[in-house]
Amino acid sequence: MATYAGRLTEPAAAERQPANAGPAVDVRSLVRSFDERTVLDHLDLAIEPGEFVALLGRSGSGKSTLLRALAGLDHDVEGTGLVEVPRNVSVVFQDSRLLPWQRVLDNVTLGLSGPGTAGKGRESLAEVGLAGREQAWPNQLSGGEQQRVALARSLVREPELLLADEPFGSLDALTRIRMHGLLRRLCERHRPAVLLVTHDVDEAIALADRVLVLTDGRVDTEVEVTIDPPRDPSDPRFAELRSRLLAHLGIVNGGLQAAGPDSDVPSRRPEEVSR
Amino acid sequence: MATYAGRLTEPAAAERQPANAGPAVDVRSLVRSFDERTVLDHLDLAIEPGEFVALLGRSGSGKSTLLRALAGLDHDVEGTGLVEVPRNVSVVFQDSRLLPWQRVLDNVTLGLSGPGTAGKGRESLAEVGLAGREQAWPNQLSGGEQQRVALARSLVREPELLLADEPFGSLDALTRIRMHGLLRRLCERHRPAVLLVTHDVDEAIALADRVLVLTDGRVDTEVEVTIDPPRDPSDPRFAELRSRLLAHLGIVNGGLQAAGPDSDVPSRRPEEVSR
Amino acid sequence: GLSKADSNGTDGTNGSGAGDRKLALDAQLPITVPKGTTLTIGDPATQKALELSGQIDKLPFKVKWANISGGPQTTEAFRAGALDIGSVADIPPIHATWTGLHVRIVAAKFRVDPIHHPIYQLGIAPGVKVRSLADLRGKKIAYSPGQAQGALVLRVLQKAGLKKSDVTLVELPSTGDVYPNALAGKQVDVAPIGGVAIKRYLSKYGKDGGTTIPHGLRDDPGHLYTQVATLEDPAKAAAIRAYVQYWARAQIWMDKHPQQWIDGYYVKDQGLSEEDGRWLVKTSGHPDIPADWKPAIARQQQTIDLLARETDKPKLTAADLFDQRFAPVATDAIKNEAP
Amino acid sequence: MTTTTTATATATTASPVRVPPRTVTTAPVRRARRLGPGRPVRFGSAVGPLLLLGLWSAGSATGLIDPRILSAPWTVVTTTIDLVNDGRLPANLAVSAQRAFLGLAIGIGVGTLLALASGLNRLGEALIDGPIQIKRAIPSLALLPLLILWFGIGETMKVVTITLGVLVPVYIHTHNGLRTIDSRYVELAQTVGLGRWAFVRKVVLPGALPGFLLGLRFAVVGAWLALVVVEQINATSGIGYMMELARTYGQTDIIVVGLVVYGILGLASDGAVRLVQRKALTWRRTLAD
Amino acid sequence: MTTTTTATATATTASPVRVPPRTVTTAPVRRARRLGPGRPVRFGSAVGPLLLLGLWSAGSATGLIDPRILSAPWTVVTTTIDLVNDGRLPANLAVSAQRAFLGLAIGIGVGTLLALASGLNRLGEALIDGPIQIKRAIPSLALLPLLILWFGIGETMKVVTITLGVLVPVYIHTHNGLRTIDSRYVELAQTVGLGRWAFVRKVVLPGALPGFLLGLRFAVVGAWLALVVVEQINATSGIGYMMELARTYGQTDIIVVGLVVYGILGLASDGAVRLVQRKALTWRRTLAD
C-alpha cells in the first residue's frame, strides 16, 4: 500500500516502516514549479493515521497543488517521500468535479460496486441533505448542492485518508455546521487521516488536531489544537489560536477589519507569496 | 434603459417612473419553478440606486436563480416587475465562468473596447493581486485566483448594478479583506446598486446597507445595517445583527457550534426550504 | 414499360447557341466557316495527331479541346451543352438516342482486316478452359450493360448461339483495370479486354495460364458524333465539316508516321513504354475510312436490334443515326491530300 | 453596449402569477440581447428541403430545368409510383438496406473498439491510428481492386467495403471525443479508484458520446453512399445498382428517383441520429438550448 | 480497487532536491493507476505506417504479395524516381495541389460562414441545414452531371466539386461545435454586453474551434480524394488523372505510386491539422495530456 506521488523517490528500505505503524503521509522536500514559479519549495509534511490536519494559506499559495501531489495526480512533483496511502483515499476537489453525464446518485457511487451500493449512496445523499435529488443531473443543482454531492461521494467510501479542498466553501452557515457534524462523525467512526484545506480559520480550529499555514511554498506555521471538543469559538483559547493564525495569514487584529497592511497601500500581494 | 427579466410583465405605464429616480431593481411576484419545485415563490425585491444589498440564504434556496432572473438570463421566470438596469451591469457568477480559451487579460476586458482597454484590464488585475498573470490561461490559475479574475472583470466596467454571487467564496481572509476594500472603493466612486450573495454573515453586515434572507422562495427577513463604517465585528450592534441573522438562518447561538436542531436528528433539511 | 426512350419528341434546346437561322438536316452543308465560330471537341487522339503533324493551328475555326471521350462522358457533356463533338465507338450514339438526346454520326473510321485487328479480345482467367466461343457455355462472363464491352458480350453470345441464361453474366463496370483484375483474381472466367490491357494481361498472367481468344466479330467502328442542334447551326455545321476533313487527314498521318505517333502520343503523352506503343500500333492495323456508309449502317442495325431485344429497348433505325452528308467529306479530304 | 432605449410598454397583466409557467405566452421583453439562436422552431428543419422542392418545381414548370437533366418533381412522383408498383424500388431498397445495416453495425462496433484501443493506449495508438489515416486518405475506388482480390466480388466484399467506410468516421470522432475528455474527470476517476473497464463505461464512453454520435451522423449517411460504389460490382439488385443501371441507360427520371431516395434516406438517418443525440445528451446545456 | 501490494523499492536518492525539475528522470512509482493514455510517445505515430510498410516489404520479398496486384515497395521507389525525373509526378502534383488548395480555401470559408449563419440563427438553420444534409446524402457521382451542366467541364466545375466536398465536413463540424458551446459562456457573453460580432469572435469561433479543426481534418483529406473524381473529367493533368490513366493501361506500379502519394498527402495534411490543433488548443487540459 505504500506508494508515491509524482516523482517521489523512496527512502532507503531501512527507513521504511510497517504500513500500519507509519505515518499516513510523509513527504519530504516536495518541489513543484510551474514554469519559473516555484509553488512548493522543499515542503515537508507528515500526517499520522487518524490525525485531522487543517491547511490554511493565501489564495495561490499552493494548497491545491499539494493535495494533487499527495493524491498522486501530479506527475511533475519532485522530492523524496513516502505516502502511506490506505486502500481508501478520498479526494474532494476544489471544484466539485461531478461527472456531468452521470446522475447525482451515480456520481456518488462512482467506483463503488457490490450489492447495496445504491442504498449506501442514497443514504449518503440524505446525510448531506439531498434526499430526493438522486436522479438529478449535476448541472441542475445549486453550487452548494454540488459541493455536498462531492462531499457525499468522498464520505460514502469511508476513506482512510481524506484530502478535502475547501469542501464547505459554498455552504451557508447552518448547512456547514451540519456537514461539520457529518465529518466529525465519520472521523469518530473510521478515524481517517484528514487533510482539510479551508479559508475559514474558525472552521480549522473547530475541526482540526493541527493547523498548518502554507507560506512561500513551505509549511510555515504549525499549531496544535488542544482544546477539547465541543470547541466553543468564544473560548479564549480558541480566540487566541484564531488571532495567532490570522496573524500568520497577515491579519493582525482578528475580525474583518484588517489592521494589517493598509489595503490601499500596495503591499506584499498574495501572488508574491510564492515568488 | 428599463428592461425586464424573463417573462416579467411591465407595470402599467402610469406606475413607471423616470429612469434616474426609480429603483434600480423592482421586481414583484417573481415565480420560478423547476419541474414541480417552486424555487422563487412570488418574491418581491426592490433595490435603490446606489444601495448595497446582501442576500443570505440556505444552500439551494434560490439565490443564484434570483440573480439569473435579474440579469435577464432566465427565460422561464414569471412575475410582474421592472428592472431598471443601468447601461453597465456586471454579474459575478457563482462559478467564476472564465472563457477557457481566452487569456486572463482578455477575459477581464471581454466586451470592452476602445483605447486603453488593455491598460484598464491590467490595472484591474493588479488590484485583485494578479499582476503578471495577464497572459495565463484560466485553467492555470488556482480557484481563488480565478474568482479574483471574475471579480476584476466585473469591476473593470464600473458597473451601475453589480450582481455578485459569492464572489469571495474561495478567498483567504486577507485577500478577502483586500477585495472588500476594493469593492468598497468602487462603491464610493461610482455608487452602483449592489446585490451580493454571500454565506458569510459577518461579510454581509460589514459591507451591506441592508441584508436580506431568502427563505421558502421569498425574502423572509430584511435587516437594515445602520452601523457606521468602519464596522467593527466586536461592536455589540454588529454582534446583535449577526445573531439575529444567524437565527434566521437556523442557528441560535452565534458561532460555529450549532445549538439549533441537533445535527444528528434528522431535521428540516436545506432542500426542504424551497418545497 | 418504364423505358424513357419514347420521350424522343423533346427538341434539343441546349445545343451550343444555334444561330437565328436553322440549317435543315437535309440542306447542303455550308462550306465557309464564319469568323469567330468555336467548337468544343472531345477527341484527344486526333488533337495530339494534329499537334504532332503541325496541322493544329490551321483549323479554320476556334477550338476548345476537351479531354473527354467514350460514351458516358460525352453524353453527359452533350446534355450539359459543354461539348460539340465526341469521339466514340459504335454503342454510345445508340444509348444517347435511347436517353433522349438527338445525335448524328458525322465521321466513321474502321480498320483494314478488322477480324485480325480487333480492339477487344476475350480474356480467359488462369485455369479456365475456353478455346473457342462454344466453350463459353456455363462460364462466368463479366458484363457491363450500356458499355461497348457489354454489347460485345451480347454479340459474342449471339454468335456462339448461346442465350444469356446459358452463361452467368457478372455485372462489373469495365472502367480502369477492373476486368483484368477480375480475371486475375478468378472472379470471372471470361471478360472482354482491349488495347494494351491484352498485352499486359498476357505478360502478367500468361505464365499462370491466363489466355485470350479472339471473338471473331467486327469491333472496329470509331465515330465522331454530335448533337442535331449543333448541326442545325450553319456556322457550326461548316466548322464540323472542316474538322472532319482534318480528322481524316490526321488518321492517315497517324498511319503513315507510326514512330512519331508512338513517341509523341503513347510515350510522351500517355506515359506508356515505347514497346507498348509499338504493340498498339501493330495490333490496330491500318485505318479504313470508307466513302460508303451503307455496310456500316447495316452492321449498326444488327447491333441495335440485338441490344434492343436483350436490354428491352425500343427499336431504332440505324440510318437515322448517321448524317450521310458527311460521308464524302472525309474521303474527299484524304483523296485531295494523299498523293 | 446594450441598448439604451427605454422600455416599450407591453400589456399589463394584473396578476399573472398563479398561471402555471407553461401557459403564459406573453413574449418577454428582455434586457440582454439574445446571442444564441434561441429555441428550435417547430418543423424549421423542413423549410430548407421544402424550399429546394419549390425551386425545383418552379424550374421544371417554367422549363428552366431541362427534364433530360433533371426530371420534374411530378415525373419523379409518377416514376416512383411505377417503381413501387412493379416492386423494383422496394426490392432494391430492401437489399441495399440489408447491406447498409450490416456494414453499419460491424463498422460501428469495430470503429468504437479501435478508437478505445487507440485512445486509451499509446501503443494501440501507434499501431492503429496511422493505418486508419492512410486508409482514409486512399481513394476507395483505388482500394476496390485489393478488396476484390481479398474478399471476392460477393456479398462479403460489399459488406467489408461499407464497413471500412463506416469505420473511419466512427473511429476518428470517437477517438477525438475521448481524447478531449476533460482531464479533471480522468483525475477524478483515478482518485475514486475506477478500474479500467469502469473507467471506460462511466467516463470514457459517456464523455466521448457526443463525438461518437457526430461520427455516427457521418457513418449512417456514408453507409448509404458506399452502396453506389459496391453495387456496381456483381450486383443485380440494390438502390446503387438501380441508379448505376439508370445512369448507363440515361434514364434521368430513375436517376432522380434514386437521388430523392438518397436524400430522404440521408435526412432520415441523420435525423434519427440527431434525435438520439438530443435524448442521450440531455445533461448538456449548450448554446442551442 | 487499487492495488494492495506494498511498494517495490527504487534506488534512494539522498538529496535530489536541488536538481532542476526537468532533469530528474527517476520513474515515479505512482499510486493511482494511470487511466489516461499517458504522454505521447515520440514518433509513436510513425509506428503504424512503418509496420504497414514492413509488412508490405516482407510480403513482396517473400512473394506473398503478388507484384502484379501490388508492386513491391522498391518498385514503387524506382517508379517514383522515374516519374519525378521525367517530371510527370511533380507536374501532376502541382496541378492537383492547385485545384485542391483552391477548393479547400473556398470550401473552408464558405463552410464556416454557413455554419455561423445556420448555427446562430434559427432562420438560417431552417434554410441552410436541410440542403446541406441533402447534398451530403447524395452520391457525388450522381451530382456530377448537374455540376457539369451548371459549371461546364472546365476548371470551375472541378474547383466547385472540391469546394462542395470540403464544405460539408467543415460546415457540419463547425455547426456542431458551436452548437455545443456551453450555455454558461453564452450567458456570460450576454451579461458583459458583447455585440454579435464580438460574440462570434470571442466566444463562438474559439469555442467551435475544436469542432472546426476536426472538420478540417476531414476536409483536407477530402480535397485530395475529390481529385480522383473530378480529374476523370476533361483533365489532362493531375494526380487523379495520372492514376486513372495508369488504371486504364494497367500500370500497376504507377497506380501504387499514386496510392502512396495519396497516403502521404493524407497523412501529411492530417498531421498538419493536428499540429495546428495542438498549438491552437493549448488552453485545453484533456485526457491526452
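As written, the chain order gives the labels A, B, C, D and E, with residue 1 at the start of each chain.
Here is the rule we go by: a contact is a pair of C-beta atoms (placed from the backbone, for glycine too) under 8 Å apart; a residue touches a chain by one contact, two chains touch by 3 or more.
Each chain and its UniProt protein: A, B = Sulfonate transport system ATP-binding protein; D, E = Sulfonate transport system permease protein.
Everything quoted here is computed from the prediction, not taken from an experiment.
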Chain-contact steps, minimal, separating chain D from chain C: 1
Chain pair whose interface holds the most contacting C-beta pairs: D-E
Identity of the chain that, by mean CA position, is farthest from chain B: C
Between chain D and chain B, distance of the C-alpha-averaged centres to the nearest whole Å: 45
Rounded Å distance, chain B centre to chain C centre (Cα mean): 83
Centre distance in Å when chain C and chain E are each reduced to the mean of their C-alpha atoms: 41
Centre-to-centre distance between chain E and chain B (centres being mean Cα positions), rounded to whole Å: 47
In chain B, residues with contacts to at least two other chains: 71-73, 89, 95, 111
Residues of chain E engaged with two or more neighbouring chains: 1-2, 32, 69, 145, 149, 184, 189-194, 203, 207, 255, 284-285
Residues within chain C bordering two or more other chains: 79-80, 176-177, 181
Sites on chain A touched by chain B in the complex: 34, 56-61, 63-65, 94-95, 129-133, 140-145, 147-148, 165-166, 169-178, 180-182, 185, 199, 201-203, 206, 230-234, 246, 249-251, 255-258, 260, 263-264, 269-271
Of chain D, residues touching chain A in the complex: 184-185, 187-194, 198, 202-203, 206-207, 209, 281-285
Touching residues (chain side chain D, partner chain E) in the complex: 1-2, 32-41, 44-49, 51-52, 66, 69-70, 119-123, 125-131, 133-134, 136-139, 141-142, 145-146, 149, 169, 172-173, 176, 178-184, 186, 189-191, 193-196, 199, 203-204, 207, 210, 214, 217-218, 221, 224-225, 228, 240, 243, 247, 255, 258-259, 262-263, 265-267, 269-270, 284-289
Chain E contact footprint on chain C (complex, rising order): 42, 44, 66-68, 73, 76-77, 79-83, 175-177, 180-181, 184, 195-197, 200-201, 204-205, 270-272, 276
Footprint of chain E on chain B - complex, ascending: 68, 71-73, 89-91, 93, 95, 97, 99-102, 106, 110-111, 113, 137-139, 153, 157
